[in-house]
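One chain, chain A, links the two complexes that follow: it is found with chain B in the first and with chain C in the second.
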Partner chain A sequence: MSGYILPPEPMTNEAVAERLTNAAVSRIQNGLIKKQNLIYLELNGCSGNIISLLNGQNPDFEYMVNSMVNLRYSNSLMASEGEQAMEKLLAASQDEYILAVEGAVALRDNGLYNVIGTLNGKPLTGLEAVTMLGQKASRILAVGACATHGGVSAAKPNPSESVGLQRVLPEKEIIKLPGCPVNPDWFLGTLAHLLLYGVPETDNLGRPLMFYSTLIHDRCPRRPFFDKGIFAEKLGDKTCLFKLGCRGPVTRIDCPTRQWNGHVNWPIGANTPCIGCTQFGFPDAMAPFITYDTTRVVKDE
Partner chain B sequence: MSKQKIIINPLTRISGFMEVDVTVEKNNVVDVKTKGNMFRGFEQMLVGRSPFDAVYFTQRICGICSAAHSMASSLALEDALGIEAVEQGRYLRDIIHCCEFLQNHIRHTYQYTVPDFVKIEQNPLFQSDHDDFRIPKTASDRISKHYFESLTISRLAHQMLAVLGGKAPHNHGVFIGGVTTQVNADIVVKLASILKQVTQFIEQKMIPDVYEIAAYYPEYYRLGGGYGNLLTFGAFDQYKELGTLYVDPLVSMSRGVEPFDETKIKEKIDYSWYRSTDEEYKPDETMPEPDRGKKTSYSWVKAPRYDGKPMEVGPLARLILSNEYTNGISAMDRTLARALEAQKIAGIMKTLLGQVVPGVDVQKKYTLPNEAEGRGLTDTTRGALGHWLKIKGKKLSFYQIITPSTWDFSTKDDQGYRGIAEEALMGTPIQNVDQPAEVGRILRSFDPCMSCATHVFVPGKKVKTIQVF
Partner chain C sequence: MTNIELQRLRMNHLVTQARYDLYTLSGLTDQSPQKQPILQRLWDTLSEIHFISEVLANQANAQPASHLTQMQPAMLAANGMTLNQLPNSTPSNDRTFTLEELANYDGKNGRAAYVAVNGTVYDVTNNRTWAAATHFGLTAGKEYTEEFASCHAGQQAILATLPVVGRLL
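What follows is the complex of A and B.
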């Protein structure tokens, strides 16, 4: 063997994997990687994103709270209430934390259209909470359509004057996860990326490319019907839903391959059009969701 | 001893934002205000939109009970368009609705209610601050374990919903005429298989767990009662061949049980942040506007009344009105009723699954009338839900929603009646005013949904929607 020059370390797949695992384990043991704190704030919305997160599978919600992060605040799930809940929010804000926000920020009457608690005897508005917490957060995730751009909470004529998170935190880098609701994988996958490798690569609108890069239309299993010009005339049909108003051709998300609720189905699988819920501008820019008369029927000659 | 005021804000482990202000004198509750703390104005947003869009749009009112709104809006549109869903459409749509009941009841029981009574050691976030934990360690540890196990089961309930509805929350499958999906044997057996797991959990864990809790907190059979007026719009009822599988539209007041009459519903806004020419109106009549500065008011929730009376809605009301529960009306009875109803619903879903015929397409190409009115009234997870709509020029010109939590968490009214939950808290003895565990336990027995409860119709400008295609 003396005549050969050996690489410094074995390069087999097994050896590389073992090395990475050992490195990760030792980094955790040495305290170089630590479980980060997560503050999950619900603002003006339907709390459907936290419900969607509970629907996560591999990773699931239990894995998230037990192995990925210390969840320090969640209006839907935390046992503490009232003053004690507010104290926990303040205590969490003293440490380093990732801030995840679902729901829009209501601006009307100085935010009084969305009060999330009472602090020092005064109403704490969603607007105040997110302005305060957003300044100090190590990372900010806008979860779901209402947080990314106002969503349904800001639908015309927007009675609560709701806006997306970026409008009240204009200087901050915000990772945006639009969707109504967010698919649990989009949130948990982005969170995993933050913990393991830092900020994921995003498009110019702040959406992680790992989920939001490709048009639904480009991967739709019903695309062959589109290409052949075979179109559904009503919901329930098994062909291309384009003429009923399907927003697949303009919507960038991985629904066709990932699907929902343990990968069992998705809106087009239910014979209904995509309503573009991951697009900025949803819902107004995507309305009407369903139309039976988008195109003229051409009779056979 | 003078009066003391307790403010709990936020009341966590509910959907949406709620505050409760309680006045205590000699350790007894002498005054209560429940306050809805968020407002978005869905009815106003719906004006000018395509009527078809109401089905998907109104689901965004609530993340935990979105299918309920797809049910009520579909029923309202069927009424307006003069369409009657065929039985196969009804069966499949109601199966979707069953899945939501199961998901909601399991999550409300374990994630929202259990931490009030059981110390969950596994994670500090799920530990309550009070120290009134009475269940012995072995049982307490078992229920804590089920807290986490239940997450898998409620997830499966939503998975069943998605199999027929496309996704959950905010499904696409429920629509005018029933559903958009057709089943085959593969789907039926998949649902049957998942349903069996869910049913086993309910029967072997969830129901024993709530009885275990009840055994150690027996005073809650005497707390949280209230007026005792009950209302249901009917649930899984009046099938052509199957008859009523659960409960018909009924009310119970001091004069006894009688059929529900929708003309007796009125809504009041004397103490809510809205203004209008009338402080009282029928659901399809009037259009109050939001007014956060209204001096007498304290909540975004309005005050619906039936024959002038506040009415309790929800699982306990349904079980009593269907003669399946006779123990009484209290906070603990409500919590037990929710678990027992989950079992009932699982049974109904099994029956409905046995009725579905493969490959039936119930969808049609629908056309909109120029002018029409419709209403969809149905019981959902938390109780009676109503959507009232009007169409003009093929667009929505009016939308009114009265949700179950609007009934249970209404404000007081001009006749001196309190809201159902407010009245339920009156007279409650508070052991320790610094840790008033009683208040949250009683309020959560109603399963409050403030995302749903706070809505209004406002006359607005016609909304111009953008046509992409």
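What follows is the complex of A and C.
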């Protein structure tokens, strides 16, 4: 992976991701880099990120697990359950590991609103688990909106008193991958970068610039309509969705070129406004997601 | 909404565009190849502002009794810019608003979206960060001096990029 990659080499998202993973895997096979352990914790959330990750292609999640890292714990994907699973978690925490966390940390009643297992007959809260594992992790990845800043779990009135990971690990460097959910490429790409070259360059909020640098609005195919002031009045209109509440103008992420579900489509491509899910403060700061009464023009007032 | 109001909105949009361009230009080096297309667009924007102002003037002549907005020279957008010779005028006026009047400009039903900060009323109808007349939990048609101070401390330049529509009583 030295120098520039120029056409006719394919420059599609798939091709770029494949080159990155192939490089990581071949270096692992040649013993140039060490295969690292990964612990994937699911805290207060909806498991939407792990589901999104299973949608990954080039590398797909299974391939990534087997060839790039040793997945030592993931409560959605491992076969063990109950105390056995907890023992695996404890054993994994004895070695060096990268920690990935999805979901927020619930603080209320000492974390009892989010229990991730039973250890020695006592409930193990997400708060305890992440405080313990976070101290020792070689690298920490906050995956999705809830882990990065509280997200949906911390939306008003926030009955579980949920917060983002940084609040309980204030001293730690945390790579933040906001999004509801995270796109598999953002997670797997960041992980591959970690293995190959170390921590990727981030902005002042801790988000990797390779994915989170550019406003949706600046790469939106409907931008000419915005510039001309031609706005959609309802879902399905092919013009700019600004008046319906599109958050593309404040949201920095690569959806317009990356796209979802195997790089097939994305919200604005499917005629629905961007809801700003990679924005800190989502969902409250990005509400309302859709508004119709801005464009319904009434007679001369 | 009246025709005049629509033209005013269009003007505000153009002025905002021109200010952004001027701002961008002020940051470019002399040799930058990006300069040419931006200058071209500024030229086009000014032509269109000129055209609309002619239309507005015609309407003003046709109905002299109307409470038309009085044009004033604008303050230049960002600091450090000394391009005063450009006819960069904004349709600001002496209009005054009470809080109740301001509340009408909530961006709904095709109405414009205004917000007040430090006694000045600004037009955010087509500001990119105010989609559907909402902005990080705030809705248009209100007074937001405190919110602006707490969220945008030291960012007075933001206000300078917004078209002024009047004063809050």
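Keep in mind that, in the parts below, the second predicted complex is superposed on the first by the 261 of 301 C-alpha atoms of A that agree within 3 Å, B and C clash if a C-alpha of one lies under 4 Å from a C-alpha of the other, contacts with A are read in each partner's own complex, and residues count from 1 in each chain.
Keep this in mind: a residue touches a chain if its C-beta (ideal position, glycine included) is under 8 Å from a C-beta of that chain, and two chains touch if they have at least 3 such contacts.
Just so you know, these numbers come straight off a predicted model, no measurement behind them.
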Partner chain(s) touched by A:282 [first = chain B, second = chain C, both, neither]:
neither
If you count the residues of chain A that each partner touches, which comes out higher, chain B or chain C?
B
Per the contact definition in the header, classify A:187: touching chain B only (first), chain C only (second), both, or neither.
neither
Under the stated touch criterion, which partner chain does A:229 make contact with: chain B (first), chain C (second), both, or neither?
second
Give one of first, second, both or neither to describe whether A:291 is in contact with chain B, with chain C, with both, or with none.
both
First, second, both or neither for A:265, with chain B first and chain C second
first
With both complexes overlaid on chain A, does A:217 touch chain B (first), chain C (second), both or neither?
second
Given the touch rule stated above, what does A:247 touch, chain B (first), chain C (second), both, or neither?
both
Chain A positions within both the chain B interface and the chain C interface are 242-243, 245, 247, 250, 284-288, 291, 294-295
Residue ranges of chain A touching chain C (in the complex, touch as defined)
217, 226-227, 229, 242-247, 249-250, 273, 281, 284-288, 291, 293-298, 300-301
For the complex, give me every residue of chain A touching chain B.
42, 44-52, 54-57, 60-62, 65-66, 71-72, 74-86, 106, 108-109, 112-118, 123, 151-153, 155-160, 162, 180-181, 233-237, 242-243, 245, 247, 250, 260-262, 264-272, 275, 277, 283-292, 294-295
Tell me, which parts of chain C touch chain A in their complex?
1-2, 9-10, 13, 17, 107-111, 126, 128-129, 131-134, 136-137
Over in the complex, which chain B residues touch chain A? Could you list them?
7-17, 19, 37-41, 44-45, 48-50, 52-53, 56-57, 60-64, 66, 107, 111, 115-116, 120, 122-123, 125-129, 148, 151-152, 154-155, 158-159, 161-173, 175, 180-182, 290, 292-293, 361-367, 440, 451, 456, 458, 460-461, 463-469
